Amino acid sequence: MDEEKRLTRKKNILLSVVSVVILCILLFPLYWALITSLKTEQEIFRNPPTFYPHVLNSKSYAAQVETGDFNMFRSFANSFLISVGATVIAVLLAVPASYGIAKYHFKGRKIMLLSFLVTQMLPVSVLLTPMFIMFKNMHVYNTWVAAVLADATIGIPFSVLILKNYFSSIPKDLEEAAYLDGCNKFTAFIRILIPIAKPGVMVCAIFSFLYAWGDLAYGMTFILDQEKRPITAGIFNFMGQYGTKWSYLTAFAVVTIIPVALIFIFMQKYIVSGMTSGAVKG
Amino acid sequence: MKKIKKMFRYENVGILFVFPAFLYMLVFVGYPIIRNIILSFQDVGAGNLVRGTKNFIMFDNYLELFKDSVFKTSLSNTLKYTILCLIFQFMIGFLLALCFNQRFTLAKPIRGILLVPWMIPVTVTALMFKLLFATDIGVINFILRSLDLINKNIEWLTTPGTAMFALICANVWIGIPFNMILISTGLTTIPKELYESASIDGANKVQTFFNITLPLLKPTIESVLILGFIYTFKVYDLVYVMTSGGPVNSTHMLSTYSYKLSFEMFKYSKGSAVANVLLAILLVVGISYIKVTTSGEEE
Amino acid sequence: MKRKKIIALFAVLAMTASLVAGCGSSGNTGDSAASVDEGTTAGEEASVNEGSEEEPAPETESSGDAEAVTIWYYWETEGHQVALDQVIQEYNASQGNYEVTAKYVPFADFKKQLSIGASADELPDIAILDSPDHASYVEMGIFEDITGKFDVGNYYEGTVNSCTVDGKLYGVPFGVNCLALYYNEDMLSEAGCEVPTTWDELMATAKALTTDSVTGLALCSVQNEEGTFNFVPWLWSTGATSYDINNENGIRALSFIQSLINEGVMSKECINWTQGDVMNQFIAGNVAMMENGPWQIPTMQSEAPDLNWKVTLIPKDTDYSSVLGGENYAVINGGNVEGALDFLTYATSEEKVKFMMDKFGYISADKTIAENQFEADSPYQPFVEELNYAMPRGPLAEWPSVSDAISLAFNQVITGTATPEDAAAQAQATIDGIVK
């Protein structure tokens, strides 16, 4: 297979160079945020702008660790806890749901699928007040739990839509073999299907995590205490507090990106396959 | 007992699997939808939010919207923004997919790294683009000046037309990887033999693209565009952080206008009506998505 | 905390599981869905009617049986937060009945949090809020009528009016401020300019001060309440009012701001600058004159101790004019009213007011305190003089909508999207629809 498609050496080099150029252009905003966070405020306002920090300034990072209310590490830890919680709920609920939709053609299946899709479409202005009222009645307002429960509502529908394709791509024979071995519907699901769909489950976990990590509105509205708020709310506060103090703002932005970058490096394979199966029939 | 057994008939077992997730969403999202619909037919403002009677005024809020110039701007902005974003991110994504589907050495690692923009919290992306598009310290103005394309700094975020352009740029940046990777995978599903027989028949590259690639990619393209539409149409964080709907309401979207009415001007019912218009449009798109992805399935 | 979270997670899962089991026998999704909806709505109504007896406030381990009193405020300046906190600490130490805690809610979120909190009956006991919004919340019915509980006879009339509705007092002014014109003395003397007192002089001075790297004048022009705050002094100086813009006077004010932009003596970027940003530009030397408030003085003194600046009255068209700003304390009804009143009595005592006003860079709302608050050569003194010309916005329950129309009109002329005539006519049409 491979030998016939292998590119000529010249073409290989040319394409590699082109792709590196594309990479540089597309990732430039990230580079710019990084170097801005390391510049002094004077250098940021210098004209023409400098393309690397002439004076290395780590003050903007240090300042966030020192001050009490907006401690970067704490809001980082909050975001992490909230995201993990939301991921757990989303995976536990979405895995069986997507299996049900993929493998059983019960009545109202399309309606259910549509309703999962619809829940992804709601603007935040619709959700904030009623959710707030519910969380207050559940006595979880102003705790991580409120943000966890709310963030899971972003992860669940997305996971269902993706995982449904995973499950429908698994041949029926496998399940039937399990029944012959004495499994019932539920044990077959747990022993046979979940292990096969493991990559899909990983993808759902990653996406639920990323959605929760990126959320701003829920974390801001349902958690009042600064020290419990997620890191995105911290950025938003900084924008109010420091206005155009770009070194501080970008330092905070860089710290927010780091876990995303880590997830990406370790989970690249899953993410690619996840994005793919979400929209293309499995 | 008999009844329960009937419940466990093969196809209906599926409901049991779906039910927990469905219930969860129903509680946390279903209730807000119903509440929002009711609210949009009432006259709730600062005066009767907590106490006092809430009168049903039926369609008055909706009728009022069609006289409201900001609503009209928001509606056309949302459509304009969504369509322009889709066109650009789709075309650039398509080109990149074609490029990275060639088997050169760096193809796979670089295609992977290019996904990063899609994974960054939108708040951060908005912040970065605000910095890039700043008038005096913005690097975009600097590059344009250096290339002699402009001689005076453009006030990107403070001029109505260019502010919309900046928003579209930021969103296209987020959307390119999404489009690229989906189309890229779609391309790999096209059997190689088709291309080979085409080249034997003497078809050139352009003919192959239009006669083989595009028709076979149709399901992928439909999915990409519809999902992209949904995610772009309800844009909120990006606009809120970059322009807050300004300058002079020129970048208000349905989502940001609904938020402003509900939480800054105390016009709760009118805000709900705006949100419902947004929801109705997306519902139509959502139904077509379900049709596309489940067509051909035996029911 | 962590354990609590995990327990709650399990509770939710258990709940879902039990509902799944229940579904097996009834087999009707519609039924249980309806009951869930009813449950939540009923809960909402019940809690609204009952008022909040149970205060799910944070556990205060420090002082055994003290009742909790919570405060929401939006000051983002660190000095303000520290000063408020100090008064609270002293209060908590001075008595054992109440334990006060204050929570910062960002200004951009403050209105949203209060309105959602009102719907959900989850509010603090005291809110420290922007004075022009006061009337809206009174109409919402969340503030306690505290007529007769505080002696506001000596307070500036405008500030008392901002928390009075139908002759009843719904709040206590925290402190006042107003806007005035800051100028960079070195730049002025270098350009050989006098301090401007009229619009014509201001225009000439701004032109003389504008160079490649410096713009003559800056004022916060954001399209929200903060922008309106900065625009109305110019509007009122012509004799126009907040509700009557579409006339020769209103148009003249809009035209003047537009000409500042067209002449290049004010940057269009102002529509993205908060008052804090404007101050940063001023102390960075990018702006020679700015319209701003006294609360910036402590920051300016600490961040730019060498900068040579002074404050003067905002130049006038017909009359000197400024706008009254500041916050009011409001007591939330249904909350811990006793505790709130007790703290407010403490916080509005002369000693505490003086302490906070100094730290905040505010002027006391109490005239007797204000008159002796500053030395004759204090940079705050011009603000005390400016207060004589300062008028309040509103009070009006629909002020947010009026304010939106005003700031939109000014933003339209600044960005050149409408002529002053059209902007004035459009704003008037909106305002006439609100104020009949």
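A, B and C label the chains in the order they appear, each numbered from 1.
Heads up, the rule we're going with is that a contact is a pair of C-beta atoms (placed from the backbone, for glycine too) under 8 Å apart; a residue touches a chain by one contact, two chains touch by 3 or more.
Keep in mind that what you see is a predicted model, and the values were worked out from it rather than measured.
Novice: Report which interface contains more C-beta contacts, comparing A-B against B-C.
Specialist: A-B
Novice: Could you find the chain whose CA centre sits the greatest distance from that of chain A?
Specialist: C
Novice: Let me have the rounded angstrom distance from the C-alpha centre of chain B over to the C-alpha centre of chain C, please.
Specialist: Computed from C-alpha means, the inter-chain centre distance equals 34 Å.
Novice: Which whole number of Å gives the spacing of the CA centres of chain A and chain B?
Specialist: Chain centres of chain A and chain B, defined by C-alpha means, are spaced 16 Å apart.
Novice: Return the residues of chain A touching two or more other chains; collapse runs of consecutive numbers into ranges.
Specialist: 45, 89, 93, 128-130, 134, 149, 236
Novice: Return the residues of chain C touching two or more other chains; collapse runs of consecutive numbers into ranges.
Specialist: Only 16, 40, 112, 115-116, 119 qualify.
Novice: Of all residues in chain B, which are in touch with two or more distinct other chains?
Specialist: 15-16, 19-20, 22, 24, 27, 31, 35, 136, 262-263
Novice: Using the touch definition from the top, list the residues of chain C that touch chain B in their complex.
Specialist: 16-17, 19-20, 23-25, 27, 29, 32-33, 36-37, 40-41, 48, 111-112, 115-116, 118-119, 136-137, 139-142, 222-224, 267-269, 271-272, 397, 400-401, 404, 408, 411-412, 414-415, 417-418
Novice: Considering only the defined contacts, which chain B positions touch chain C in the complex?
Specialist: Touching chain C: residues 3-4, 7, 15-16, 19-20, 22-24, 26-27, 30-31, 34-35, 46-47, 49-52, 135-136, 155, 157-160, 244-250, 262-268 of chain B.
Novice: Can you check the complex and tell me which residues of chain A touch chain C?
Specialist: Within the complex, chain A touches chain C at residues 45, 69, 81, 85, 88-89, 92-93, 128-130, 132-134, 136-145, 148-149, 220-221, 224-226, 236-237, 240-241, 243-245.
Novice: Inside the complex, what are the residues of chain C that reach chain A?
Specialist: Against chain A, the touching part of chain C is residues 1-2, 4-5, 8-9, 12-13, 16, 40, 43-44, 47, 56, 58, 76, 81, 103-109, 112-113, 115-117, 119-122, 273-274, 276-277, 280, 284, 286.
Novice: Would you mind writing out the residues of chain B in touch with chain A in their complex?
Specialist: 10-22, 24-25, 27-29, 31-33, 35-36, 96, 99-100, 102-107, 110-117, 119-125, 127-129, 131-132, 136-137, 139, 142, 146, 173, 176, 178, 181-182, 185-186, 189, 219-220, 223-224, 227, 230, 233-234, 236-237, 241, 254-255, 258-259, 262-263, 271-272, 275, 278-279, 282-283, 286-287, 289-290, 293-294, 298-299
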